[in-house]
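These notes open a run of structures that come right after.
Each of the next two complexes has subunit A plus one more chain, namely subunit B in the first and subunit C in the second.
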Partner chain A sequence: MNTPILRLGLRSLFGRARVWLLIALPLVLIGLSVLLRSVSTGMTDADAQSFLQVFGIGIVVPVVTLLATTTLINSEFDDGSIIYLLTKPISRVAIIGSKATIVLGAALIGGAVPMGIAALVLVGSGGGLALAALVAGVVAAAAYVGIFIALATVMKRSILGCLLYWLIWESTISSLISPVKWLSARSWGDSLVAAISSIVGAGKPPVPALYAVLAALVALVAGVLLVGRRLAAMTSSDE
Partner chain B sequence: MSQPHGVIHDIGYRPFTGRRQGTGAIAASLYLTSLRHCFGLGRSGKSKVIPFLIFAIMLIPALVLAGMLIQLHKMSMSSQADLFGPLSNYFGYPYWTQLLITIFAAAQAPVLFARDLRYRTIVLYFARPLSRAVYVLVRLGALVTALFAIIAIPMAIWYAVALTAYVDTGEQSHNFWTAMVGVVVLVLVIAAFSGMIAALTTRAGLAVAAIIIALMVTSGIVTALLGAAHGSHNGTLGLVVAAFNPFTAVAQLVTGVFTTPAPNPDLPHPSAAWATAYAVIALVWILGPVWVLLLRIRKAAAL
Partner chain C sequence: MTDLVLSNVSRWYGNVVAVNDVNMHITSGITGLLGPNGAGKSTLLSMMAGLLPPSTGSVTIGGAPARENVAIYRQVGLVPVQESLYDFLTGEQFVRLNADLQRVPQPATATKYAIGLVDMASAADRKISTYSKGMKQRIKVASALVHGPHVLLLDEPFNGMDPIQRRHMMGLLTGFAERGHTIVFSSHILEEVEQIARQVEVLVAGRHAASGDFAEIRRLMTDRPNQYLIRSSDDRALATLLLGHPSVRGARLRGHHGLEVEADDLGQFAQIVPRLAREHGVRIFELTPTDESLESVFSYLVNT
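Up next is the complex of A and B:
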C-alpha cells in the first residue's frame, strides 16, 4: 500500500466526467427498487431476492467494477502514463495493491452498499435480505476486482476483453453449463445471497457459502499477485 | 484560341472529357465498400475474424434446430413437431442470439461511422457531390444489410429444412415471414442505434465498449424487471419496461401485431392498442438515432 498512489487513484477515479456513469448505475438499481416496491403489490420476497441476484450481482457490481478498473488501469496503459509509476522506487505489487484497493472501494460504494439499500427498499429488514445482499455484493466485488485487473493487464484491448469475459463467461456460459458455477464470480455472489437470507422458496445456493467466500478471496489475491509479478517483469525500455 | 473560362494555367494536360457519374454511382460504390468493410473484406486479416466467427456461431443454433426437424421427420414424428415450441419460434432466434448480434454491430458500426470522423477523412467524402443525408443513409444501409444477412441466412436455412420435413407448413410459414418482418425492424433499430453511439464517441475502442454496454446493460435491466413484473403478475409494468430495449420492443411488436409465440415467457402478450404503441416505439427507436446521426455528421462536415 502506498498513500500517494492511493491519492492519485482516488483523484483519477472521481475527478473525471465518467464518475457520473459510476454513480448512475447504483442510482438506477435503487430507483428501480423503489419503482418495483411502489408499483408491484403482488411481489414476493423471493422475487425481490431474484431481482437482486439478476440485476445487482449480475449487472451492477461487475459493470461498476469494470468502469473503475478501466479508469485506473487500462487508460494508464493506453496512454503510457503507467511508466511514471513504474519508474518510482516502489514495489510493483504495492502499486497494483493500492490500485486494487481503490477499485475495490469503488465497487463496494457503487455495488455492494446500493445492493443493501435496494434490499431494504424492496423487503425491509425481513428475512435478512439486506445483510445478505451487502455481504454478497462485497464478495462478488472482491472476486470481480481480482479477475478484471488480471484481465486488464494481461490482454490487449482490455476493456473489450473484460466486457466479453463478463458477457460470455459470467452471463452466458455459466447459465448454460452448470459446472461453471464453481468458477463464476456471479454464482459465488448468488450463493451468498441465498445462503445468508432466510427467505422461503428462493432456491438453494449454487455452491457452498464457505467455498464462495474462499474462492472470491483467492481470485482477489491471485489477481493482485499475478499483475504484480507481470509488472515486476516489465522493463520500461522495450516499449 | 481563347482560354476556357476559370483556368489559371493550361500546362497542356488533356482534360477529362468522358461522362461523369452522378450521385447514384457514388452512393452505390460507397454502399458496396461499406458492406465489404462490414465483413472485413478489403481490410486486414485480423478484422475478418470477428464478423465471420460470429456468422459461424450464429449458424449453430439454426442448424441444430434444422437438424432436429430432420430427425423428427426420419423418426416419423413430424406430426408432433408442433409440440416442440422452439422448432417454429422463429423470432426467438434473433432474441436469444442478441449477444452475438450486439457484438457484431458493436464491432462494425465504428468501422463505418467512427473512423471517418476521428481522422477527419469525412471531408474527403463530401468533396464529391454526395450529400450528408445520402452518406448517412448509405452507410446505415450497408450496416443494415450486413446485420440482416447474418440473422436471415441461418433462419432461411432452418426454414428451408422445415419445409422439407413435412411439419405444419402453415404455422412455420406464418412464424417465419412475420419473424422476417421483425428482423428487418430489429436490424434497422440496432444499426441506427449503434451507428449513433459510434458517431458520438468517435474513438473506435470506446465506441465498441459503449455500444455493448448500452445494449446489453439495458437488456439485462429489462430482463430483470420483466422477471419481477411477471412474478408479481403486473402486466402493465412488463409492457412498459419492454419498450426500453430494442430486442424486447421489437419482440413485443411482432407478437402483438401478428400473434406469434413470444420468445421469452416473461413478456406479457400485448393488446391491439399496445401493438400500435410498440409500432410507434420502434419508429422512435429508428428515427431518433438517425436524426442524431444526421446532426452529428452535418456538424462534422461543416468544419
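Up next is the complex of A and C:
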C-alpha cells in the first residue's frame, strides 16, 4: 500500500465532478426504497429482501465498482498518465493494491452502505436485513473489484469487456445455468443476504455463506496479483 | 557511474520492427536523439526508461538492468511525450505527488525548488487543466527533476514551447549537464539538437544511422548533393554556365518550366548562381531547394 497513490485515488474519484455519477445510483436505490415503502401496500419483508438482491447486489454494487475501476484504472492507462506511477521505485503490486483499495472503498460507500440504509428504510431493523445487506454488499463489492480490475487489464482496458461480463455472465447465464452460481459474484452476495437475514419465505442461499466469503476474497487477491504481474510487463508507448 | 548502455537492442511489434539492433553508450552531458517522426525514438526512450522490454538485447543504467527493476527509478527521471497528466491536480500538487512517490527526504522543499527551476512558481497553485502546452511541459520536467535524478530522459521536450520557454529549458538542461548529469532527449528538429547536445545519435526507420558530435552530423547532412529548381529568363544558357563550374554535378531542363540542378557544395553554389546570372544577363525568377525536407536528409544519411 502506498499513501501518495491512495491520496491521488481519493482526489481522482471524489475531487471531481464525476463523484456525482458515483452518488447517483445509491441515491436511486435509497429513493426507490422510500417510494416502495410509502406506496406499495402488499409488500412483504421477503419482497424487500429480493428487491435488495436484484437491484442492490445485481445493479448498484457492480455499476459503482465499474465506474470507480474505469476512473482509476482504464482511463489512466488509456491517457498514459499511469506512466508517472510506473516510473517510481514502487512495486507494481503496491500500485495496483492501492488503487484496488480506493475502488473497494468507493464500492463500500456507494454500494454496501446504501444497501444497509435501503434495508432499514424498507423493513426497519426487523429480520436482520440491514446487517445482511451491508455484509453482502461488502462481499459482492470485494469480488467485483477483483474481477473488474483483472478484466480491465487483461482485455486491453476495455470497458465494454467489463460490461459484457456483467450483463452476460452475472445477469443472464448465472440465473439460467445453475452450477454457475459457484462462480458468480452476484450469487455470492445473494447467498450472504439470505444466510444472514432471518426473514421467512425469502429463499435459501445459492451457495454456503463461508464459501461465498472465501471466493470473494480469492477473487480480490487474485485480481490484484494478476494485474500487478501484468503491470510489470506493461509497455507505455505501444499505441 | 550512471552510464546508459544499450547493447544490440531491437524491438518489434508483430511484424513491424521499431528499433533495429541499436548499440549506444551514453555518458554524462546532453545527448540528442534525432530522427524523423516514427523513427523509433519514443520506443528507444521507453526501453531506456525500463518501461518496455527490448525484444532482444539489453539496456543497463549504471550497470543495473533498466527492466523489472523499480529501484532504478531513484536515479532516473522521465518526461514522457504524452500530454495527459493528473490534470485535476494543481501544478504544485502534481510535483509534490512525484516527490512523495520518490520518498524524497524533504518533499515540500524539493517541490518548491523543482517548480522554481522551471519557472512555474507563479502558476503552481492553478489546476493543470488550465495550463498551456508549454506550461504542462515545464511542470512535467519539474516532476521528473524533483528527486534529483542522475539520468534524465525527455521525449520531445521542446514541443509546444515558445522561443523564450525553449531557451529557458535549454539553459536548464545545459546547467544540469554541467553538474555531471546524463541527459537524453529526443527531437525531430536538427536546430534544437545542435544548440544544446554535445553528442547526437541519429535514428532513422529504427536504425542507428549516425553518431557523433553535432558538427560531424551537420557536415554529413549539408555536404551532400543538393537539388534545386531554378526558373530564369534563359534556362538553357544558365544550365551551360552552371555546368562549367566544378560544384555543379548536373543540370537538366524540365520542359519549358525550369531547370533542375544538382550541386555538391552548398556554400559555393549559393555564390556562383547570382554571379554567373549577373555576368551573363540572365534573370533568376525563382530558386527553390527541392529536397530540404528532413526525411530526405535522413534518408540520405541512411544510404551512406
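Just so we're on the same page, the second predicted complex is superposed on the first by the 233 of 239 C-alpha atoms of A that agree within 3 Å, B and C clash if a C-alpha of one lies under 4 Å from a C-alpha of the other, contacts with A are read in each partner's own complex, and residues count from 1 in each chain.
Going forward, a contact is a pair of C-beta atoms (placed from the backbone, for glycine too) under 8 Å apart; a residue touches a chain by one contact, two chains touch by 3 or more.
Owing to the predicted nature of the structure, the values given are computational and were not obtained by experimental measurement.
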Quiz prompt | Touching partner for A:Val28 - first (subunit B), second (subunit C), both, neither | solution = first
Quiz item: Given the touch rule stated above, what does A:Ile90 touch, subunit B (first), subunit C (second), both, or neither?
Solution: second
Quiz item: When the two structures are overlaid on chain A, which partner does A:Leu160 contact: first (subunit B), second (subunit C), both, or neither?
Solution: first
Quiz item: In the superposed arrangement, which partner chain does A:Asp47 touch: subunit B (first), subunit C (second), both, or neither?
Solution: first
Quiz item: Now for A:Gly58: first (subunit B), second (subunit C), both, or neither, which partner does it touch?
Solution: first
Quiz item: In the superposed arrangement, does A:Ser38 touch subunit B (first), subunit C (second), both or neither?
Solution: neither
Exercise. Name the residues of subunit A shared by its contacts with subunit B and its contacts with subunit C.
Key: none
Self-check item: List of subunit A residues in touch with subunit B within their complex
Solution: 25, 28, 32, 36, 39-44, 46-48, 50-51, 54-55, 58-59, 63, 70, 157, 159-160, 163-164, 167-168, 171-172
Self-check item: subunit A partner contacts - residues on subunit C that touch it in the complex
Solution: 13, 42-43, 45-46, 49-53, 68, 70-74, 76-78, 80-82, 84-86, 88-89, 93, 97-98, 100-103, 143
Practice problem: Would you pull the subunit A residues touching subunit C in the complex into a rising list? | Solution: 2-5, 8, 11-12, 15-16, 79-81, 83-92, 232-238
Quiz item: Inside the complex, what are the residues of subunit B that reach subunit A?
Solution: 99, 103, 205-206, 208-209, 212-213, 216-217, 220-221, 223-225, 227-229, 231-234, 237
